[in-house]
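First subunit A sits with subunit B, and in the next complex the same chain sits with subunit C.
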Partner chain A sequence: MPVIFINGEAVDTGEHRTVLQAALANGFYVPHFCWHPELSVVGNCRVCLVEQEGRGVNIACNMPVVDGMRIETDSETVRAQRKAMLQFILLNHPVDCGICDKAGECALQDYHYAYNGEPALSREPKQKGTKFYPLSSRILLDNERCILCSRCVRFTREVSKSNVLGIEYRGDSALVRPAEDRTLDDDPYSDNVIDICPVGALLSRSFLHQARVWYLEPTPSVCPRCARGCNVQLWHRKPEWRLKGLDPAQNTRILRVTPLENPRVNGPWICNRGRDLGEVLERPRAEQALQKGAGVTMMEAIEATRALMAESTRSIALVSSWASNEELRAFRNALGDNFTSFVKPDRLPEEGEVVEDELLIRADKNPNTRGAQALFGSDPPEIPEDADLILVWGEGVDFGRLPRGAKTVFLGSWLLPEVGHADVFIPLSIQTERRGHYTNFEGVVSAFESCQPRPEGVIDAETLFPLLAAPGAWGRG
Partner chain B sequence: MTGRKVLTGFEITADSHTLAAYRARGGYEALARALETMQPEDVTQEIVDSGIQGRGGAAFPAGRKWQGIDPHDGQPHYLIANADEGEPGTFKDRWVLEHDPHALLESMLLGSYALGVRHAFVYIRGEYDRPWRRLDAAVEEAYAEGLFGENILGSGFSCDLFVFRGAGAYVCGEASSLLGSIEGTRAWPRNRPPRMTVRGLYQAPTVVNNVETIASVAWIIRNGAQAFREIGTEKSPGTRLISISGHIRYPGVYEVELGYSWTKFLHEDCGGLLCNKALKAVIPGGISSQVLTGMDAKVLTPGEVEGMTLDHEVLRAAGSSLGSGGMIVIAAGTCMVRLLQIMLRFYRHESCGQCTPCREGTGWMHRIIDRIVAGDGRPEDIGTLYHIARFNDGTTICGLGDAAGYAAIAMLDNFRDEFDHYIEHGHSKFGGNLECQ
Partner chain C sequence: MKHLIPEFERMKRRLPPGHDATLLLPCLRRIQEDRGYIAGDDIDGLVAYLGVPRIQVEEVLSFYGMLRREPIGRWHLQVCHNVSCSMRGAERLLDHLSGRLGIQPGETTPDRRFTLSTVECLGSCGTAPVVMVNEAYHENLDAADLDALLERLD
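On to the complex of A and B.
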C-alpha cells in the first residue's frame, strides 16, 4: 500500500488510487465539484487543487497516488489559486441564492464561504442563460447557475445509461441540454441528477420553492415500492420549525425524498418512483373501523374478528408483503396457529412502469416479500373452497374472487373499495407512522423510522395481533 | 533561397503529387527497404537519432514520443497524423497534403510499422477541400498498388489507413480532443495522466503527430538520421515549413532550414514588408506563440527580430517559439489593442468550455478588451487582464487556455503603452488600424 504524506502526516492510501480519494478518506477535505465517487474522473472544475512538493499545484482528482509523495492541501499557493478559481466559477453565476432551492446545501455557497469570501473581481456584465428550461415533466434546468461540471451528463451516460443529457456549444456559451428528440422523462432515474448537481441548476418541479432546506430534516426510511428496498431520506419540517398557523398535515408532510446511501442496497441512487412515495402513501386513508360497511369502534371490530375466528374451522390468512419484519413476527407469534398463511404481493407492476432493469428496479413491487416468505413460506396463495374465514392483510386482493361462503376480515390503510366489502375492516398505520425493518430481495435488512403521527382511529399491526389473540378467547396452542 | 530542403525539394507540376511522380523521385523505396531490412525498433531508433522535434506546436522530440509505445506488447496501437491545422496563421501542412500526399502516406506506413499499428488515421480539417481530395486520391492510388491493406509488399506487414474529416473546431487539433472527435464523443481534451501513448484512441496506446513531423519520416529513413542532422542547427535539426502571412509582400509557404537568418527570410525571400513599412512585430508560430517586437521593440532591443535566426532555441530564449510555423508579420502603424481583441475573440469562441479557467477566463478577457476598444476602458483593466492571463497558465486541461494567456501577456508586456493610451483616451493610438495603409 503506498504511503503518502498529506500536510506532513503519513497516510496509508489503501485502496485509493487518487490523491483526492486518499485525502477525503483520511479526513483531509479537498473541495470538489466535478468529481463524484460513482462517476468517471473528468477534472474539469479545477477546484480540487493541491500542491505536490517539487511539482507545483495540480488537481487532486486526477493525481495518481505515488508512494512517498508529499501533498499540501492548504498551502498558501493552494489557497490563493483556489480562491482565484472560485472567482472564475462565479464569474457568470447569478448568485440568486435567495430564490434558489439549493441554498443551504450548495457546494458553491459552502466553498465560497470557506475558501473565497470576497466580492467579485469582475466588473463585466454576466452571461445570460436560460432559467427554468424544462428538461422533463419532473426537472427544470437553470443554465445560469450551471457550472458545467458535467456530473449530470455523466450520470445519464454511466449510471442510468439513458444518454439523455449532453452539452451543446462551446466556451462560455456551453449549455447542458437533452439530446435531440429526447427528454429526461425517458430516464427512470433522472431525479438523481438533482441531488448530484453541486449547485442549484437542476431543480425538482415538485419541490420547487416548497421549502428552504434548513427548515427541514430527514428521517431515514426504506422505499417500499419494489423489492430492492432502497434506503431513503424523507424530508419534512423540523419539529422546532413547525408553524402553528400551518395546517398540521403540512407540518409533517413529506416534502421530498432523497437517497440514503447504502452500498449494500442502492449505493447513492434511487429511482423516480421512490421520489414519488406520495403517490402511494398519500392516498386517502381509511381511518374508521367498519363492520359490513358500517362504522364501529376499534374494540368492536376486534371483538367481531375474534368471534369470526372462533366460529371458523378453516381460516386462511393472506399476509402482506408490505408489512415490516416486526409486524410479521407479531402475526406469526400471536395468530400463526389459527391461520393457514400465504404471502401475497400487495402491489403488481403498473401500466407504464419499468418492470425490472439492471440498476435498481425489481419486478416484485413489494418491499418485504423476502421477509414475509422467511416466516410464511413461498407457496403461492391457494384458497380452498371450504375456507370459511379469510383474513386479508394489505391491498392487492380481489374480494370478488374469494370463495363465496367465506367471511372476510380486511386489514388495510387506504380507502379502497374492499374496505366496505369485508365483513370486518380494521384500519392500520402506514410505514411513516411506525418504525420497523424490511428484508430486501437479497436478504439485506434495512430500518425505517417513524416521522408522522398515527391518525386517530388507526392501529399498528404489532399492537393489533396480540389483541386478536388475547387469552380467554382461544388458547395459543 | 531559404536553405536546404527536406520536404519541398522538387518542382511542382500538374501531376507532381501523383504516385507515379512520387515514385520517380524515389518514393516508397524507403518503405520497401525498411520492411525488408529493418526491425520496427530500428525505424524508431532512426527517428530518435534524427532529433526531429514535433512540428505541431510544442516541439516535443518525435522519437521520444514513439519510444513510449512498445510495438510488441500485443495491444492494438494507433498512429494519427494531425492535419487539423487550426492555429491562426498556419497553412503549411496544407502544402504537404496538396503537393506531396504520398510523402505523408509513406511516412505513415513507416511509422505504423515502427509502432505496430494496424489502423492508422489522418485527421484532416473539415474546411480543407482540395487537400482532402488530393489526399483521398493518393490513398486510393496507394491501395491500388498494394501499399496499404494486407501483407504490404509481401512483407507480412498489414496496415489500413482512414482519413477522417473534422467539423471545424480549433480545439479538435489538440491531440487528445482529436481522439474524441474520431471516437464520436464530444471533442473534449482529456486530462493527463494517462498519456496518450498509454491510453489514447479507443483506450489503446496512440501516437499523434503533426503532418509535417510525420511527412519527414520517409526522408529520414531514406537518407538516414545522420543526413537529417546535418541540416539545421545542432539542437534544431532539419527544416520547418513556415506559412507566412500578414503585412508581407510574398506570403506563402516556405521551407526554411533551421538556423536560417530571419532578416534574410523576411526581407529577401519574402520580399519585405507591405507599403515599405518598418517591422513592428512578428507572431512567429501561430497566435498561440508569443508576439515578438520588431523595430519598435520594448523588450528586445530595436530590430532584434531581424538579428535572430529561426530555430527553436533562439526563439525560446526570446520568450517565444516557432510554434505551429504560422508566422504573422505586423507592420508599423498597426493597432495592437485591436489585434489582441481579435485574438481573444478567437480563444473565447474556440474554448471548448470544459474547464473553468479557460471557459470563464477567455470570455472574461474578451469582454474586457471589447470594452476597452469601445472606449470604456478603466485603468485597472490591465491588472485584471494580467491576473486572468497568468492564472490560466497551467491550471487548464489543455494548451488552449494557456495559449490565450500567453498571447495576452506577450501583447501587454510588449505594447503596454498602446493599451494605456487606448484606456486613457478612449481610442487607438494608431487609429485602430489592422490593414497596412
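On to the complex of A and C.
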C-alpha cells in the first residue's frame, strides 16, 4: 500500500486511489463540492486544492496517490488559492441564506465561514437566474444558488440512470435543465439530488420553508414501503424546540425523510416512496378498541378476544409482514400454539408505482416478509372453510372473502373499513411509536427507533400478545 | 438526417467500438451543413442512431453558439465584435448593417434573405474588422465596402 505524507504525517492510503479519499479517510478534511463518493470525478469546483511538494497546487479529488508524495492541505498557498476559488464560486451567488432551506447544512455556507469569510471582491452586478424553476412536481431549482458542480446531473446519469438532467449553455449563462421532453417526475429516485446538492439550489417542494433545519433532529428508522428496507432518518422537531403555541401534531410531525447510509442495504440513496412515508404512516389512526363496531375498553376487547379463542376449535392467524421481529417473536411465544399462522402481504404495489427495478425498489411492498416467514413459514395463506376464528394482524385482508361463519379479530393501526367489520378490533401502535427491527429480503436486519408518542388507547403488539395468552398479566404490566 | 447515415457510418468505422457518442458533434455539424439548421427530428434521429440520451444532444446544441435550431436567411452576416474588430469600428459596421437591413443582431429579414449575428474573434485580427458571409471572410471593411457587398448578394 502506498504511503503518503499529509501535513507531515505518514498515511497508509489503503484502498484509496486519490489524495482526497486518502485524506478524508484519515481525518484530514479537504473541502469539496463536486466530488461525491458514489459519483464519477469531474473536478470542476476547484475547491479541494492541496499542495504537493515540488509540484504546486492542484485538486485533490483527481490527484492519484503516489508512494511517498508529500501533501499540504492547509499551507499558506492552499489557503490563499482556496479563498480565491470561493470568491469565484460566489461571483453570481445571491447569498440569500436568510430564506434558503439549506442554510445550516450548506457546504457553501460552511466553507465560506471556514475558509473565506470576506465580502465579495467583485464590483460587477451579479448575473440573475431563474428562481423556483419547477424540475418536477417534487423539486424546485434555484439557478442563482446553483454552483454548477453537476452532482445532480451525474446522479441522473450514473445512479438512477434516468438521464433527465443536463447543463445547458455555457459560462455564466449555464443552467441545469431537464431534457426538453422530460421532467424529474420520470425519476423515481429524484429526491436524492436534493440531498447531494451541496448548496440550496435543489429544493423539496414538500419541505419548502417548513422548518429551519437546526430546530430538527433525525431519528434512525427503516422505510417499510418495500422489502429493501432502506435505512432512513425521520426528521422532526428537537424536543427542546417543541413549542406550546404549535399544534401538538406539528411538534412531533415527520417533516422530511432522508437516507441513512447503509452500504449493506441502500448505500446513501432511497427512492421517492421512502420520502413520502407520511402517505402511509400519517393516515387517520384508529385509536379506539371496538367490539362489533361499538367502542369498548382495551381490557374488554382483550377479554372478548380471549373468549373467542377459548370457544374456537380451528383458529387461523394472518400475520403482518409490517410487524417487527420483536413483535413476531412475541406472537409466536405467546400465541403460537393457539393459531395456525400464515404470513400475508399487508400491502401490494399501487397503481403507477414502480414495481421493481435494478437499483433499490422491490416488488414486495412490505418491510419484514422475510422476518415473518422465518418464524411462520412461507406458505401462502390458506383458510379452511371450517375455520371458526380468524385473527387478522395488519391491513391487506378483504374481510368479505373470509369464511362466513368465522369470528374475526382485527389488529390494526389505521382507520380502515375492516375496523368496524371485525368482531373485535384492537388498535396497535405504528413503527414510529416503538423500537424494533426488520429483516430485509437479503436477510440484513435494520433497527428503527421511536420518535412519536403512542396515542392513548393504542397498545404495542409486544404488550398485547402476552395479555391475550394470560390476562392475569394485565395490571401488572 | 437519414440520408446522411452512410456518411456517419464511414466516420464510425474510424473510431474504436463503443465510442459512438463521440460522433455527436461531427454529425450535428454535418446536419447543419446539409439542411441549414438542426430540427427536432434530427435530434430524435441522432438519439436513436448514436444511442445517446436526448439531454446530451441538447447540451451540445446549447453550448456551441454556431449550432442552430432554427432556419436562417439565405445570407448569414456574422460581424466579429471582439477586441481587435471593435477597436477598428465593428460596432459602427453593425449599426450600419442593422440600419440598412432593418433588423437587430439575431434577427432575419422578412424576405428571409439576410440574418445578422455577432460573433467572437474570427481569428483574423490582422485584417480587422471582419464580417463573415456564409463561409467567406470579408476583411478590412468600412461602411462603403459593406454597401458594395450587399449589392452583390441576391
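Assume the second predicted complex is superposed on the first by the 470 of 477 C-alpha atoms of A that agree within 3 Å, B and C clash if a C-alpha of one lies under 4 Å from a C-alpha of the other, contacts with A are read in each partner's own complex, and residues count from 1 in each chain.
As a convention for this text, contacts are C-beta pairs under 8 Å (C-beta built on N, C-alpha and C of every residue); 3 or more make two chains touch, one makes a residue touch a chain.
A quick note: this is a predicted structure, and the numbers were derived from the prediction, not measured.
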item: Fit or clash - subunit C, subunit B, common subunit A; value: clash
item: Partner chain(s) touched by A:Y113 [first = subunit B, second = subunit C, both, neither]; value: neither
item: Touched partner set for A:Q127, first subunit B, second subunit C, both or neither; value: first
item: Which superposed partner A:E180 touches (first subunit B, second subunit C, both, neither); value: second
item: Partner chain in contact with A:P64 - subunit B first, subunit C second, else both or neither; value: first
item: Subunit B versus subunit C as contact partner of A:L148, first or second or both or neither; value: first
item: Touched partner set for A:I167, first subunit B, second subunit C, both or neither; value: both
item: Touched partner set for A:N44, first subunit B, second subunit C, both or neither; value: first
item: Touched subunit A residues, subunit B compared with subunit C; value: B
item: Footprint overlap on subunit A, where subunit B in one structure and subunit C in the other make contact; value: 166-167, 169-170
item: For the subunit A and subunit C complex, residues of the former touching the latter; value: 157, 163-170, 177-182
item: Residue numbers on subunit C that touch subunit A, as the complex places them; value: 53-56, 58-59, 62-63
item: Footprint of subunit A on subunit B - complex, ascending; value: 169, 171, 186, 191, 193, 348-357, 359-364, 367-368, 371, 378, 384, 387, 391, 394-397
item: Complex contacts: residues of subunit A adjacent to subunit B; value: 41-47, 49, 56-57, 59, 62, 64, 81, 84-85, 88-89, 91-92, 121-125, 127, 147-148, 150, 166-167, 169-174
